Structure formats: C-alpha cells, structure tokens
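Okay, so chain A shows up in both of these, paired with chain B first and chain C after.
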Partner chain A sequence: MGRFVIRRLIGMVVVMFAVSVLTFLIFNVIPNGAPEDRMAGRNSTPVQIAAIREEWGFDKPLYTQYLTTMKKVLDGDLISYANQTNVIEEIKRGLPRTLALAIGAALIWFSLGVALGLYTAIRAGRWTDTLVTVLALIGVSMPVFWLGALATYYLGFKAGIFPNGGYSEIGEAGLWEWVKHMILPWCVLATLFIGVYSRVLRSNVLDTINDDYVRTARAKGLTERRVMIHHVLRNSLIPIVTLWGLDFGAVLSGGAILTESVFDLQGVGQYFADSIDQLDVPPVLAVTLFGAFFIVLLNTLVDIVYAALDPRIRLS
Partner chain B sequence: MTSHAELLLDVRNLNVSFATEEGIVQAVDEVSFKLHAGEVLAVVGESGSGKSVTAMTLMGLTRSPNARFAGSAKLRDLDLVHASNAELRAVRAEEIAMIFQDPMTSLNPVHRIGRQIVEQIEAHRDVSDGEARDQVVALLERVGIPRARERFDSYPHEFSGGMRQRVMIAMALSCDPAVLIADEPTTALDVTIQAQILEVLKELRARTNAGVILVTHDLGVVADIADRIAVMYAGRIVEEGSTDEVFYNPQHPYTWGLLGSITRVDRPRPARLPSIPGLPPSLIRTPQGCHFRPRCPHAHDACLAKPELAARLPGETGHEDRCVLSPERKRALRETDGQIGLVAGGVTE
Partner chain C sequence: MSIADSSIASELSPVAPGGQVEGESAPGLSAWALALRRLRRNKAALIFGALFVVLVALALAAPLWAQVADTTPARNHISDTIVVNGKSEQVVTLEGVPIGPTWQRKFFLGADSNGRDVAVRLLYGARNSLFIGLTATIITTLLAVVLGLLAGYFRGWTDAFISRGLDIAWAFPPTLLGVALGVSFALGGLKVGPLRISGDSLWIPTLVIGAIGVVYLARPVRGQVLSLREKEFVEAARAQGAGSLRIMFGELLPNVASTVLVFFPLLVANAILNEAALSFLGAGVQAPSPSWGTMLADGVLLLSTAPHLTIVPGLMLALTVLALNVFGDGVRDALDPRAKVRLER
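Right, the complex of A and B next:
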C-alpha cells in the first residue's frame, strides 16, 4: 500500500511534467500565439513590442521561458499575460465554486443513477423499465449548454423560482441562497451521468443476479431485501464506484466548463475557457496542471477504494 | 430398514416445466419419492435428466415467471411447491439446506467466509455475534478446515475448491436441517478432493439424523453412500429401489445400460467402453410413451403407452420401475445385453 502510493506520486510528477511541456509547446506553435502582440495593443510600434518581449522574457530561448514559468507556478506568483492578475489567486477563488458544483452533482448522479438502475433491474422487462430507459436515453442525449439554457430561461427568468445564474457565497448571502444558486447547475450537470449510471448499474445487477452466490444467498433463507442489497448490489456497485471516481476527476478538471459558463458560476472551468479564448498561456498552463493533478489523484483513490471493495484485488 | 424412521419429505407427482422461446420444457415429469430421517437417497441420471431441477425446486430456487409447477412436495406439513415466499424463507437452511455443484462460484467473493455462514445463522436464530462466531468456528473444524478460527476471516479466493466445498457443507449444516440436498457436490473437484468430501459427507451422515438427497451422475459415489437410488431419465424416475436392488437386479433397460457403462477392474476388459447409443431426448418434444423407447433395443408396441412407475417384482415391494417388460424377460435380456452394456437394437430416432 505505502509503496503503491509512492509509485503513484512519482507517476503524478511525471504526468504533470509531460502535460506542462505539451501545453507550453502548443501555445508557442499555434498561429497568432505570440503574447507580446496582444499585450502591446492594436496601435503598437515594433519598439514597444521589443520592450515587452524583453520585459516578459519572450526573447529568451523556449526552455528558459518554460523553466521561469514553472518556477512562477511553484512560487505562486504566475501572472496572466492578458490582465496581469495572479493566476494562482484566480484559481483559488474559483476552486470552491467548481468543487461545490462537482461534489453536489456527483452525489446527485450517483444516488439517482444507482436508485434508478436498481429499480429498472428489478422491474426488467416491465413498462416502468422501458419508461426509465427512454428517459435515461433522453438525459444522455441532451447537451449540457442547451439543457442549462432552457433551465435558466424557464425556471429562472420566466418562472423566477431560481436565480438567473451566478454564484452566491455562503458567507455573504447564507446557505439557502447558495443552495438556490446551485440546484439548477447540479441537476443539469448530473442529468447526463444519471442516464449513463442507471444503464450501467442495471446491466451489472442483471448479470450479478444470476450468479451462483446469489442462489446460495437465497438458499440461506435470507430476505429478498438482504439478498438484493448485501449480495447483488454490493457486487454490482464495484465497477460503478470506479466509474464514479474517474468521472468526478474528469468533471473537476474541465468536464464542468460548459455548466459553469452557462450558469456563470465563475469557477475554474469558466476561467479556463475564458483564458483559452484570449490565448492566455499562464492560466491555461496552471489550470491544465491543476486538472492533471486531480485526474491522477482520483485515479489513485479509485484504485485504493477498488481494492477495499473487492478483496481479490491487491495493490502492487 | 428405514420404515420406522420419521418421514421427512413426501414428493408426489411433481411436475416442473419452463416456458422457453422454443417451447415448453418439461424438466420434471411426475416425480414421486419419499425421504426418511437418516436415509441417503441418491438421484442418478445424465445431464438434463431433471435431477438438479427436482432438487432446486424443493428449495424453491426454480421459481420464476416462466416456471410452472404441479404436484406436491411435503416437508413434514409444508408443501414446498405451493408455499409462500415467506414460508419458504423460514424453512430454507433451517429445515432444508443445499450444497451446490460448483464451490468456486457459490460463495460471495467480497464477503469473508465466516461472515457468510454467520449471516445464515443470524437469519434464523436469535444469537449474538460472538455466539454465532463460535458456532461457525466449531462447524468449520467439524468439516475438516484446519486453523478454523483464523480461516474464519479469509475470503473465498484464498481457499482451494475442496476447502470451499467444506465451507459450503458447514454452511448447509449450520442450522441443523432435517433435509440436506447435495447437488453433485464433488463434480467440480479433483478426484482426490472428491474422496475427501465424500468422507466428510459420510461422517456427517453417521453423526446427524438428517435425510440426505444426493444428486449425482457418478455411480461410484452412489454405491458407497446411498441407501436408496432413484434413476432419472428425461424428467421421469424410471427406477427406484434400495441400492442393492438397483445395483444387483436393475429392472429398467436404461438402468442396466447405465450400470453397464461403468468400467470395472474385476471384469475382462471390453474392446470398447460400453455406451448407450443415441442421445437423451429433447425435453421440449419428448417421445410418446416410454421416454427411453427411441434408444431402447427392446422397445415394442406396448412401449407407446406411458408406463407407470410400479413395483413389478414379487417380493421387492420397495423396488419400482417404469418398464412394461415382464421380470422374467428382463432377466433374460439383461443376460444377453450382459456385461458389455447395451447393444444397439437398431431402433433410433
């Protein structure tokens, strides 16, 4: 276990190094990538541009630029090219919003996905199963930006039940305001996953229910409820929990960009999208590293949890 | 021998059929038998003869929307075929328990083996965790698991097949059931392990007064341990009697074909291993009359009518079979079919 975690940590450093180099290179080869042109403004002279190049170090070799940038990332004083704000501070400001969105949505999609999956598996072949299947398919097929726009328009703007997007700090307007601002983003982001999870769990349960040990459990004289939860669901959930960890990591590290933008939550994802829009390398690089960190972290956690859930798995 | 023992199980005209896409599968067809306390009844037959379905039906494990049942199977006063799910749940493990064929897949891989047995005890008895644990450790020791207290916390994948089957046996015994069904308990195991498991079963047989139904296709197992034998073919019992009666005086051509197909070291070696020609019939379209008719070298017109299971031998009232030939004729034919097994009579479908 200890060796497993150390190996994963080393792997994390390697992954983050590779990701940072790639991101850095991409933004240096794409057309119109030179930051000094944009920083100097429309009516700039070659002299001004040269001055900016020297001031920001853009005249140095690429590897020197990379090293100084990475040093700034580690020191926490990375400055955006576009608006000269501190990138790390911006990410710190956006992180609670992104976490709130991701955690809330993940809890909703896991619990509803499992509940619907179990229900449809038990009712397999009946009309309720078919109905939920169709709904799941619709849920999977609806794009987040479209569903989000509809939700804010009808439930927010028209009906006035929910606020028209934006984020509310718990410390400023209270818990209830915060929840009211988060409900729509949570549900919209969770919709896609609920559809996927209920389908995956349904097929897992239907596979497990025919396993020999479930027959043994029935032969023991256990109640049907105990057979379903303790034997069928317990085994069917293992792959779902794995999937959940990976999806949660993916949502944290970029999967919520559209949801954050549609509801104007000003989280890390929206910051990322805006920065790409302005070809602003420092925030893009920092958020990419941040995302890679969460993906590797969640992968490691998933492996540890997986070994805890299935005693046949050994970490090595 | 067992006539004074308590009658535990009385199965009468049990019919089990399943609706499938190809048609109705008549898996169990008018099966009747009795099981007394302390008795071992072996149910013998090829794959697909309905022996496992019969066993699982007694546990209520064949219930499904596609299954149809008729007849009765009385465990003392409770008809297992028509009992409610709650009634069944109460007698499962407590009154009637089952050991399954494949110990590799019959235990839940994610729970500790000790807990899996404790779970069963706690479902039926009002005991504390500690008491249940002590009981399980004692049971595991009884079925021959060394260092049982330590192995209580092992997971199934840490056990070999033979050890897992011992766990299954311990589980089946944990609530002292009156009836124990062992469905091919040694089929999935190595030959040496098979012998060990049979030893465990024999020892338990001597110690408890449970009635045992041993489902098997292995006649070697049967000779060793069974008091009575029921031979099943295509969903029906074709012959039933004491082990000696069936082994030494088989009345149904299928039984003597089955016995003839055992290789014996005390007889001259035949050029080919004897076998019964043809295949068991599909249970969707079973032959008219006697189910064995298409494969039987002695089939004739009378076999087109359904033969009843009846005692046909004077003096052997407990020995019943489903063959209409006269006992004298059977003896003569058995001699000519003799020690080389059945010879194809040319009647095949």
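Right, the complex of A and C next:
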C-alpha cells in the first residue's frame, strides 16, 4: 500500500509539471502575436508593454520564460495587469466561497442522489421509478446558468424569498444570512448531478440485488432493511464515492464557474470569468493551475481510497 | 416436414443458429437488427428522437422564416414601430425595453435590445449551436477512436505515450481550458500550417469543444480494444495474414462501433451545452453571429425588463439537450441492454 501511495504521488507531481508547461504554452505561444500585448490588456500603453516584456522575459528563450512564470506563481507575486491586484491574494479571497458552494452542493447531490437511486431501484418498473428517471433526465439537460438566472430573478428578485444573488460572510451577517444566500446556488448546482447519481446507483443496486451474498443474507433471516442497507447499498456505493470524488474536484476547480457568475458569489470561478473578460492573463493562468491541482489531488485521493478498498487494484 | 416445423425439432436441427430455417421458426437477426428492434419498441426514445429531427429541420428552415418575418438575424429595427392588435408599438422603447412576443409574423418571439427579431435569431442560432454540437462530436469521436485503437492495439510504448497524454488532458479543468482556449484563439485566430482560421469563425469553438471531449471517450474505447484484441477473431484475422491496420480498422473498429454509437447522442448533448456555456462566457461564438449561448448572455442582462430574451433561448437549449439525452438513453438501452460500458467522467 505504501508503495502504491508513493507511486501515485510521484505521478501527481509529474502530471502537475506537464499541466503547468501546457498552460504556459496555451497562453504564451499558441495564439499569434506577442504575449505582452495580450497580457497588457485592452487599454495598454507602449511603456506598459515594454515593462511587461522586460519583467516576464518575453525576449528570452522559452524555458527561461516558463521558469520566470512559474517562479511568479509559486512565490505568490503574480500581479494582475487589469487592476494591479495580487492574483494569489484574490484566489485566497475567493476560495472559501467556492469551497462553500462546492461542499454544500456536493452534500446535497450525494445524499439526494443516493436516496432517490435506492428508492427507484426498490421500485424498479413502477411509475415512481419512471417519474424519477424522467426528472433525472430533465435535471441533466438543464443549462445551469439558465436555471440559476431564472431562480435568482423569480425566487430572489421578484418573490423576495431569497436574496438576489451575492455572498454573505458568516462573520458579518451571521449563519442564517449565509445559508439564505447559498441555498439557491447549492440547489441549482446539485440539480446537474442528482439525476446522474440516482441513475448510476439504481443500476448498481439492480446489478447486486441478485448476487449470491445478498441471497445468503436474506436466507440468514436478516430484515429487508438490513439487507438493503448493509449488504446491497454498501457495495453499490463504491463506484458512487469514486464518481463523487472526481465531480467534487471538477466543481472545485472551475466546474462551478457558471453558477458562481450567475449568482455573483465572487468565488474563484467568477474571478476567472471576470479576468478572461478583461483578457487579464496572469489570473487566468493561475486559476487554471489552481484548478488542475485540485483535479489531480482529488483523482489521486480517489485512487488511493479505491486501492485501500479493493486490493486487486494496487497490485495491477 | 411436420416434425421439422415443431420448435423442439428446429432447435435440434443441424441448422446453425441465425440461419434461415424453412417454416415458422424465427429468422435470425444480427445484433444490429435486434438493437434496432429494441429501439423501435422504446416509445419515449422515438418521440424525443423525432423531436430532435424536428428541431434540426427548424434550424435548416431558418432562412424561410426570415423571409416570412422580412428581416435577417443581424438587421436592427431599433427605431421601427409595428402594429400589434391594432395598436402601434415601438420595437424598442425609448427606455431601451424591447418588445415581447407578438405571436405574429414580425417579432413572433419579440425583439432583443438591438431591435433584432428573436425568433429569426433563435433559428439561425440553432444552426450554429447544432453545427457546433454535431461537428465537435464528430471530431471528438474520430480522434478518440483513433487514439483508443492505437493505444489498445499496440500497447507498450504507444499506449504509455497516449495514456499519459490522456492523464494530463484529464487533469485540466475542462471548462477553464475551454474558456481559455476559446478566448485565446478568438483573439489571435488559429494558424496550423497553411490553415488559417480567423478569430470569429465558428470553427474555433467547434475545435475547442471537440478537443475537450476526446479524453472522455478515448479511455473507454482503449479499454474495450485492450480486451477485444485478445479474442479469437483477432487471432483468426492475424493467422490469415491481416496486417495491423486491417485488424484495427477492419476487425476491431466494427466491434467498438456500438460503444461509440452509444455515446454519440450523449456527446452531442454535452457539446451543445458546452457551446452555450462557452458563448455565455464570451469564449465561444463571437458577435454578431447568433447562438443560444450568446443570446442567453445578452438576455440575462435584461432579465428584469425583457424576460423573454432569457426564457426563449434557454427553453430551446434545454429541450434540444433533453431530446438528445432521452434518445441517447434509448440507444444505449437498445445497443447495450446490460449497460456495462459507461462514459467516463
């Protein structure tokens, strides 16, 4: 197990290195024209552009440019050209908001997805099963930003049940205000996933429900409830937990960019969206790296947990 | 003859399964024919499949409706007035509020803030959104199948190279990567060898969305090829002297085709949603070309005064994606009743 973990951690470092090189290339080499022009943004002066060229070493060979860029990212002195703020500080400011959104939504979609999946599996073939399947497909087909925009406008602005977007710090306006601001974003973001999770769990449960060990459990005289929860559900949950880890990583690393923007939560995703609007390269570069880090981290964690649960994997 | 007609006798008869037997026994059906039969029995999938065809037809008929409404997707009517229910109304009021749905030839679904006909833009937008969705998925499929076949068939270094590449691609946050590439190319255009694509071309979001999807399909294809290449039919082909290319594209490809087909409608649905998301963030279709994403991006800014600008393209988008998802679900059930292969996500 120890060797497996070390191998995965080394793999993680290698992938992060490759990602950082590619990210650097995407912003500085692939598009035509001088990178300093793009970096300086829309309203730039020749003096500014010359200063950026000097500072980032765009007249030097590529590997020097890459090293300069990475040094800036790691030292935390990446400066936005659009508004002269420190990029790493901005990401740190947005992170709690993105985390709050991701954790809340992930809890909702996981618990509801599992509950609905189990329910539909038990009721397979009846009309409630069909109904949940239909709702699940509708949920998957919804564009989040559309749903979010309509929800803030009609439930927030018009009906006044919820605040009209924005984020409220727990320290400033209290826990209840915070929850009130987060409920709509949580639900809207979770809508995307509940359907997928309930359907995956449903088919997993239906796959295992006829296995020998389940029949043994029934034959021992265990109650139906105990059989379902301790024997069937426990085994059906493993793929769901994997999926959950990966999706959580995706949401944390920019998958919620639209939800954040529509609800004006000012998280990391919205920071990215605003920066790309102003063609502000440093924040875009930093947030992409930050997102890739979370994805790689969650992937590695999922692999390790999976290997701990299933010894066959770490041997292959 | 009377004995041959009984079902037990036909089971015992030396005719190979699937072969035609004289009399009443069922004709042998290929796996594809069986799948088609299962799909035909799935009413919901058929209805939503038909709905998608109707949506495509509407998109193709966009110029016809433009003639009926006597405008183009880009023409401004900002200072025009039209007669609705006998009353003369401004297309866009002096306060900048566009007219809502009139349910008549002109401005059937209302106007946007520039005084452009929403219904006409919706249909032209459908063309762009569907074009991007379908073309991007074709690009995804071609790339993923070739990569998956190469990695799964040759294994060794080829596989190591492709798989590590996919691992790295997997690590990129897909939305961020899409937005970053979209904006980057929209700004400078794309230059690959002799090929030049200008920044406002539809091909930019198409290529970006197509490339992003590859990793999700290439992995399952590779996995399937890895196990298929050990099967007897591959060995038989090799014994007959078939080369690698022939085995990959003549023997293995038809066997992964059902996997690819299962994912196709779902990938198109996803690509259409991605187009909307990218365009919403300004990284997809560039103005003045309409697409559902750009229409939504304009619409949400005016949600309080002109909600039809948000509701109409959003409904169209959700309906299209829903149609593809329900149809795709039916295709999956038909081709793969045990549904063991899943799109990696």
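Quick note on the criterion: the second predicted complex is superposed on the first by the 272 of 316 C-alpha atoms of A that agree within 3 Å, B and C clash if a C-alpha of one lies under 4 Å from a C-alpha of the other, contacts with A are read in each partner's own complex, and residues count from 1 in each chain.
The definition used in the following text is that a contact is a pair of C-beta atoms (placed from the backbone, for glycine too) under 8 Å apart; a residue touches a chain by one contact, two chains touch by 3 or more.
What you see is a predicted model; the values in this text were computed from it and never measured.
Once the two complexes are laid over each other on the shared chain, residue contacts for A:3 go to neither chain B nor chain C.
By the document's definition of touching, of the two partners only chain C reaches A:146; chain B does not. Contact with chain B, but none with chain C, is seen for A:211 once the two complexes are overlaid on the shared chain.
Legend: residue contacts after superposition of the two complexes on their common chain; A:224 is shown touching chain B, with no touch to chain C.
Once chain A of one complex is fitted onto chain A of the other, the partner contacts of A:235 are limited to chain B, with no touch recorded for chain C. With both structures placed on the common chain, the touch criterion links A:312 to chain B but leaves chain C unconnected. One of chain B and chain C touches more residues of chain A, and that partner is C.
By the touch criterion stated above, chain B contacts chain A in their complex at residues 59-61, 85, 89-94, 97-98, 100, 102, 105-111, 119-120, 123-124, 155, 157, 168, 171.
Chain contact summary for the complex, chain A toward chain B: residues 211-213, 215-224, 226, 230-231, 234-235, 238, 309-312. Listing the residues of chain A that touch chain C in their complex gives 11, 15-16, 18-19, 22, 26-27, 30-33, 38, 137-138, 140-143, 145-146, 149-150, 153, 157, 200, 203, 243, 246-247, 250, 253-255, 257-258, 261-262, 272-273, 276-277, 279, 284, 287-288, 291-292, 295-296, 299.
Chain C meets chain A in the complex at residues 167-168, 170-177, 179-181, 183-185, 187-189, 191, 269, 273, 276-277, 280-283, 296, 300, 303-304, 307, 310-311, 314, 317-318, 321-322, 325-326, 329, 339, 342, 345.
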